[in-house]
Each structure stands twice: as structure tokens, then as C-alpha cells.
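First chain written, first letter: the chains are A, B, C, D, E and F, and each begins at residue 1.
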Amino acid sequence: MDRIAVFPGSFDPITRGHESVVIRALDLFDKIIIAVGVNSNKSGFFPLEKRMGWIKKTFSAYGKVEVLYYEGLTTDLCKQQNARFILRGIRTSADFEYERSIAQMNKALMSNLETVFILTTPELAPISSTILRDIYKHDGDIKPFVPEKINSDL
Amino acid sequence: MDRIAVFPGSFDPITRGHESVVIRALDLFDKIIIAVGVNSNKSGFFPLEKRMGWIKKTFSAYGKVEVLYYEGLTTDLCKQQNARFILRGIRTSADFEYERSIAQMNKALMSNLETVFILTTPELAPISSTILRDIYKHDGDIKPFVPEKINSDL
Amino acid sequence: MDRIAVFPGSFDPITRGHESVVIRALDLFDKIIIAVGVNSNKSGFFPLEKRMGWIKKTFSAYGKVEVLYYEGLTTDLCKQQNARFILRGIRTSADFEYERSIAQMNKALMSNLETVFILTTPELAPISSTILRDIYKHDGDIKPFVPEKINSDL
Amino acid sequence: MDRIAVFPGSFDPITRGHESVVIRALDLFDKIIIAVGVNSNKSGFFPLEKRMGWIKKTFSAYGKVEVLYYEGLTTDLCKQQNARFILRGIRTSADFEYERSIAQMNKALMSNLETVFILTTPELAPISSTILRDIYKHDGDIKPFVPEKINSDL
Amino acid sequence: MDRIAVFPGSFDPITRGHESVVIRALDLFDKIIIAVGVNSNKSGFFPLEKRMGWIKKTFSAYGKVEVLYYEGLTTDLCKQQNARFILRGIRTSADFEYERSIAQMNKALMSNLETVFILTTPELAPISSTILRDIYKHDGDIKPFVPEKINSDL
Amino acid sequence: MDRIAVFPGSFDPITRGHESVVIRALDLFDKIIIAVGVNSNKSGFFPLEKRMGWIKKTFSAYGKVEVLYYEGLTTDLCKQQNARFILRGIRTSADFEYERSIAQMNKALMSNLETVFILTTPELAPISSTILRDIYKHDGDIKPFVPEKINSDL
């Protein structure tokens, strides 16, 4: 049985922290599905197509990585994709408390699901999509914080 | 003098975690007033009547438990109800930091008020109303996470 | 049935933080038993008699407060004293994580036991017995941090 | 070279906690610029003029303190003001996690910038502008929590 | 290339929390090596043979699980065992902060090593070996907290 | 009046994290006194002379930095050295909780003392003297984690 992981998020935009988590987890799984969560009531800051395009470009060299978007429960996506693992990066203890609740609820909704946590590289830990959007809005340079492969698109 | 506690919250919806905190605290107080906070600018996800009805049904067997709604400061409600205690459940250390600030401010506004913290049962700790609303919106099953007595209403 | 609480600790020495927790909890219980934990392998810094004497002096005006020492499991003491509540003060989120584990294990050992958490007054939060012993060893003045009633004994 | 610090925030409204941080940091710097952040999409609760007036009144006796408002990145303001330090107060460990990310990102955007953290006095730690606005909206008295000098303006 | 994980610890004694982490991680790895850390200066509470025997009994049904003991750096053990993953359970945010430092240092010592974090089941989170030793010393019953398979040995 | 800071610690051994904090704080103070705390009951792992020699070598190029050792209360040292500031690095939220208590107690013992917190560079955050001693004991290489200037002494 293949080891398939879903890496859910809004990736608005993808950061070097996200990139690092996926690359560090590559050897652990046979397939990693990067799943961009879509909320019908709230559109993101960057358009969905842009967000997905950036992710695809970032991981174009890695055959194990797939990109898709979804609406609804992450556990429903996992069932449909035969994924028994959710991959998450954790940076801070505040992240951890939040992720633990989500992971325990997901386990309650799908008992054979396991959430696997990987650390980000310490120098990437302060980077969050929220802060990047704020820098971007004020004409600051976010290039050093997003994957190098997409720098030319910004 | 009776030991009267106010258990404030939005209960949108009531969870098994809330239920557990009230039942574990029953022997500590002579009366527990479950107080549904109402915000004139922001209506809840479930209608107020539904939220109050579910709470009443959950605790119908417990004569010590009362249910009401209020707008305004929790300390004003406590004064009006002759309640000298606020009851709160804490699940995580993030909860704790937030609750501590609120409790210390309430003490500053009403010096003879004491906030009493009770733990939830560990397996109920991940359950929050926020996550339940999210599951509900996406047609997931929240029955295992809300009090058994109201399962038939969902 | 009386509401009896055990307040366990090493009280080496008692601090103004401890004093504040007991006084703030007085109206909640019919009796508060301050229980000095004794470890046969490790004697405390201040002799047991001194520690107990200081506690008795601090609460001499409060008929509801009793002082005793014990060795062994706190839950065994609770059963023997017909106490269904453990009282604990929490100051920081690090305290909280530790106290939560202990409280949940105690609940597993004695199912009708409830741990009740009360906050210390913010200006007393930094005071811990550990820091006081360190100040005392280096001839610093700990009077402002221990109950006023025992200041003359130091 | 002068030691110039920027103390950024929304100060909506200024609290005794803010006042305490600035006064405790006065001897550390040659100039402290209190910088009220303005967001073109979201106006504050109290009008900008009021917020700035209250800050000026609070620190009118301190020649080292300047007040201004700004829109955009805090690092751009620092460059323009020749400020090499950002001053921040921290109250809780949740605050700390958030401040650390911001500080590390600011350092990445301006490498010779240093963020300096000062503690608030423990009894002021529970006070946040968010809680004060909530008390104010419900006709509670916020005078004890804002600087004494502006009490007559409320 | 096989996915081999080392699960290091003192297992003094093994708990249901440890058991749960290994079983939840089984599908993720081809082999899990439970490695009992030995410190030449400090012997454990339970003898090493007992600790290893209990672990072997607990996982006797699982062909993927091996048990050994080691002294020295965990990264040296990983190199020698061709293990590219360290498996760790995390229960609380205090655990997380500690584990993050260790994991980042291990990564600095062995760059192709990845630490993988798995959650324990919420009701097992309060159980730690430290608390179990304390209960055991005071003649309390630790059977409900250690793996069922070794209950008859206690 | 000069801005003099004491940077207290056991520096057993000095790390790149310590080095980074001092260098980042240099422009803030006129003098930084690195004060190696000595405990008459517990000798360190590395001899005091070695620890002090390493610190001196690390900062030999910086005229503002002095090194000394002390026994007793840090506040007594500050008074004797006319230092009105204590400098501390913080890495994690667990660090912060601990440092806050110490800082608040020090303020209570010496009212015109201010503790100033500076962050370490993210990639240095996992490094602690405790972990370095453990690596050193097991013949691991600690050179990448201690200041470059002392690498030749190890």
C-alpha cells in the first residue's frame, strides 16, 4: 500500500517554509498531494490560479508531488485520494497547540488517518503567508521569502 | 451565602467539552448560570433560540443549572445575579493565557469576583465550537462532539 | 456533603502567592487542608516544622484552614480526608501544562476528584519558592515576598 | 550616533501598559518615537487624532518622546527616521511568539535593525487595548487602565 | 531504500503513550528501532533488562519493531543503523519546545536526518514515565497506564 | 550617565547564541559586563578559568565588553557595577516564561533596574550550553556551535 500524504493549506502565497517542509518530507512518502483549500465565502489575496501555478513551478522537478485544490473537509479529501497521512509543518508552540486540535479532530472523523509533523528549518520559521501579504501590500520585497523558482513571477 | 457561578460563552454550539465542565463543577456550586453572550453587531452561526434550547435540553436533569442570555459586560451580569464566581474550562496553554487576562481584568472591575478554572476531560480537549461549525458547514457529522441529548435535533 | 479541598505543595517556604490563592479560594470551600508534601529521600531547604509553623501563623485567623503533612500519593490523602477537590494556583502557561498532567493523572486514580485552579494576583505571579530560596541563600531580603505575618520570624 | 527607537502600535487606545514600557525604556534611548500605525482599509475604533492627542498628553513631560503616525512597513519608517531600534513590550508567552516572528522578519528586511523587548509591570500585564475597547463599548469604566493624565478626557 | 526510524527514550518504564506512538507510526516506516538510552553515570529506576523486556513483550506481535540499547549520541546510533528518521511523540507545547531544539541540533549533526513527530491519543497525553515512577514508589497502581501486555509483570 | 549592562550566565560553555546576543546589543550600551555566575556548591562542567578565557577571546576585539565572575545575587553585582540594565537573550516561549519571573523579581529587589531582551538569530536558537555539554561528553563535534574564535582551543 502506497504512503500518500496530503499537505493542506491556503498557500497565499507559498513560502520557503512550505517548500522546506515538502522537500524534507519527500523521502517519507510515495506521493505528496499539496491541497489548496478554497473557501466559497472568502476569496484569497492572490488568485487561486496564481497560487496553484506557483506551487507547481516550485515542485516541477519532483515527480512525487501533485497539486490540486479542494473545498470542504480535509478528511473527505483524504478518503477520496486514498491518503492515510496529513503532513504539517510546525514552527512555534502556538502553531503546535492549534495543529494538535485540528489533528485530533481529523483523527476522530477518520480513525485510520495520521497527522505527521515536520519542522521547518530554523531560519525559515518566522516566515508566514500572513506577514508576506502584509509586506507585499506595502510594496516591500517578498522575493527572499518565497521559493527561488517563482522569484521571476513577482 | 450561596455559591453562584456564571459560565459565560457563545455556545455556538454547545460541545461535549462545555457539558463536561459544567457537570464536573456541579458539586462546587449551589447554582451554575450558563450565560450566552449576545453581540448586537454580530449574530452567531446558530440562532440564539437554538443555542439556548440545546443548552436547556442538555442540562434538563440538573436543577442547579440555569440558562440565560446577556449583552454587555460579564461583570455586570455577575453583580446583577449575585454571582461571585465565574466558571471557565481550560483546554490548552493558549486558552490559559487568554483566560488569565480576561480573569484579571474582571477582578479589576469587580474585586470580590473569583474565576474558577476546571479542566476538560482529555479526549474532549480538541473539541471547539469553531471547529464544529466548520465541520457542520461542510456537511460533516458533529453528533459525536455535541451532547448526546441534543443529537436527535441535528 | 462538605466541600473539602486539599492544597498540596512543599511550601519551602510559603509565599505571598500561596497566601493569596488560599484566601481567594476561602469562600469556595468549607475547609481547605494545606498539605505539606514530605519526601523521605529528599529533605527540604527549611525544616518541616518551620514550614508548617509559618503556614499555621499565616492562616491563624481563618478557622476553615487546616495544616498537615503527608507522604505518598496526594489522591490517597484526599480519600483519607474525604476531600473531593484539589486546589492549585496557576501563574504561567508553563505551570499550566505541568498542572494539567498531574490533575488528569489524579482524576484517573480517583474518578470523583476535581482539581480547581485559581489565579494568583498578577504582582505575585513572579514569586516562586525556588527563587526565594536562592535569594535567601545569598543573604537577600525575602520579607516582601512571604506573608507579612511571618516577617518577624525571618 | 544617537540611539533612536520606534515604538509602533495602533494605541487604540493607549494603555497604562504602553505608558509603563515607554517610561521604563527612557534611559535606554536618546529618542523614542511612538508611531501610530494607520491602515487605509480599516479605521480604528477611536479617531486617529484622539489617539495621537492622548499619547502626546501622556508624555508631554518627556522631551525625548515624539509622536507620529505612519502607513506602510515599520522598517521603512525606521530607515526614514534613522532609527536602529524597535521597542516592544511583551506581556505573555503568546505575545512573545508573535513578536519574535515580526522581529525576525523586520531584521531580514533591514539587517542593522534590532528589536528590544521590555517587560510591563506585572499588574499591568492583563491590560490590552482590545479588552479596553470592549469595556468601553459596554459603558464600563476604563479610567483605571489608561494613563492618569488622560483620565479627564474620557 | 528502506525507511528506518529510531524511537529513542529512556522508557523507564514504557507507557501506553509510547505504545500508541509506535503503533500509530507503524505504517509510515519499514522498521522502527526502539532505542533505550543508557547513561553510564546515572542508572535508571527500573533495571535496563526489565525495561527492554517490557518493550519486547509489548511489541512482540509486530515484526517491524526492534529493541536495542545505546550509549552516546542518538545521531551516531542513526548513522550506524542506517536510520534516516527519528520518531518522537509530542503531548504538550512544553514538550514541543524541547523536542524542537533537540531535533534542530540533531539535523545540524547529521544533515540528512529528519525528525518526525506524531501525536499521542488525547487520553494518553497526561501519562509520563516520571509520574508513573512517582505513583509506583508510593504503592499506587500503574497498570492502567502501561501497556496491557506487561500488566501481569507488575 | 553611562548605559552599563550586565549579561549574566554560566557560559558552560559560551555558545554562538550568546555571542550573537552580545554583538547585537553592542550599540545599545556603553559597556557590557559578561558576568559568569559561580555556585560554591556546584562546580561547572568546564573549569571557570576556561569558561572566562573563552569569553575573553571571543570578544577581544570589542573594547566595550568586560568579563568577570561573581557569586551571589545578580542585583548585588549590578549595584556594585553601577549597571542599571540586565541583558538577556530569549530563544523560546519557555525561556520567556522563566526569564520574566527572574526579571520581575530582580525589579522588586532593585527598582531602577531594567531587563532588556534581545532575540538570537533564528538558526542559533536551538543551541544551548546543556545540549553542547551532552554532545561534548559523547565525543561529538561542538565546534560549529561555539564562537569561531575559540574553535582552535577545543
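The definition used in the following text is that a contact is a pair of C-beta atoms (placed from the backbone, for glycine too) under 8 Å apart; a residue touches a chain by one contact, two chains touch by 3 or more.
From a predicted model like this one, the values you see are computed outputs, not experimental measurements.
Novice: Looking at subunit C with subunit F, do both copies bring the same residues to the contact (over half shared) or different ones?
Specialist: The interface of subunit C with subunit F is built from mostly unshared positions.
Novice: What chain lies farthest away from subunit B once each centre is taken as the mean of the Cα atoms?
Specialist: In terms of C-alpha centroids, the chain at the greatest distance from subunit B is F.
Novice: Among the chains, which has its CA centre at the largest distance from subunit A's?
Specialist: Comparing chain centres, C lies farthest from subunit A.
Novice: Distance-wise, how many Å sit between the C-alpha centres of subunit A and subunit D, to the nearest whole number?
Specialist: Going by mean C-alpha positions, subunit A sits 34 Å from subunit D.
Novice: Distance from the CA centroid of subunit D to that of subunit E, rounded to the nearest Å?
Specialist: That pair's centroid distance is 46 Å.
Novice: Scan subunit A for residues touching two or more other chains and write them down.
Specialist: 92-94, 97, 100, 103-104, 122, 125-126
Novice: Which two-chain combinations touch?
Specialist: A-B, A-D, A-E, A-F, B-C, B-D, B-E, C-D, C-E, C-F, D-F, E-F
Novice: Give the list of subunit E residues in touch with subunit A in this complex.
Specialist: 1, 3, 24-25, 27-28, 84-85, 90, 93-94, 96-97, 100, 103-104, 107, 114-119, 122
Novice: Can you tell me which positions in subunit A touch subunit F when the two form their complex?
Specialist: Residues 92-94, 121-126.
Novice: Looking at the complex, which residues from subunit D come into contact with subunit A?
Specialist: So the residues of subunit D touching subunit A come out as 71-73, 75-76, 93-94, 97-98, 100-105, 108-109.
Novice: Show me the residue ranges of subunit C that touch subunit F in the complex, using the header's touch definition.
Specialist: Touch residues, subunit C against subunit F: 92-94, 125-128, 131, 135, 138-141, 144-145.
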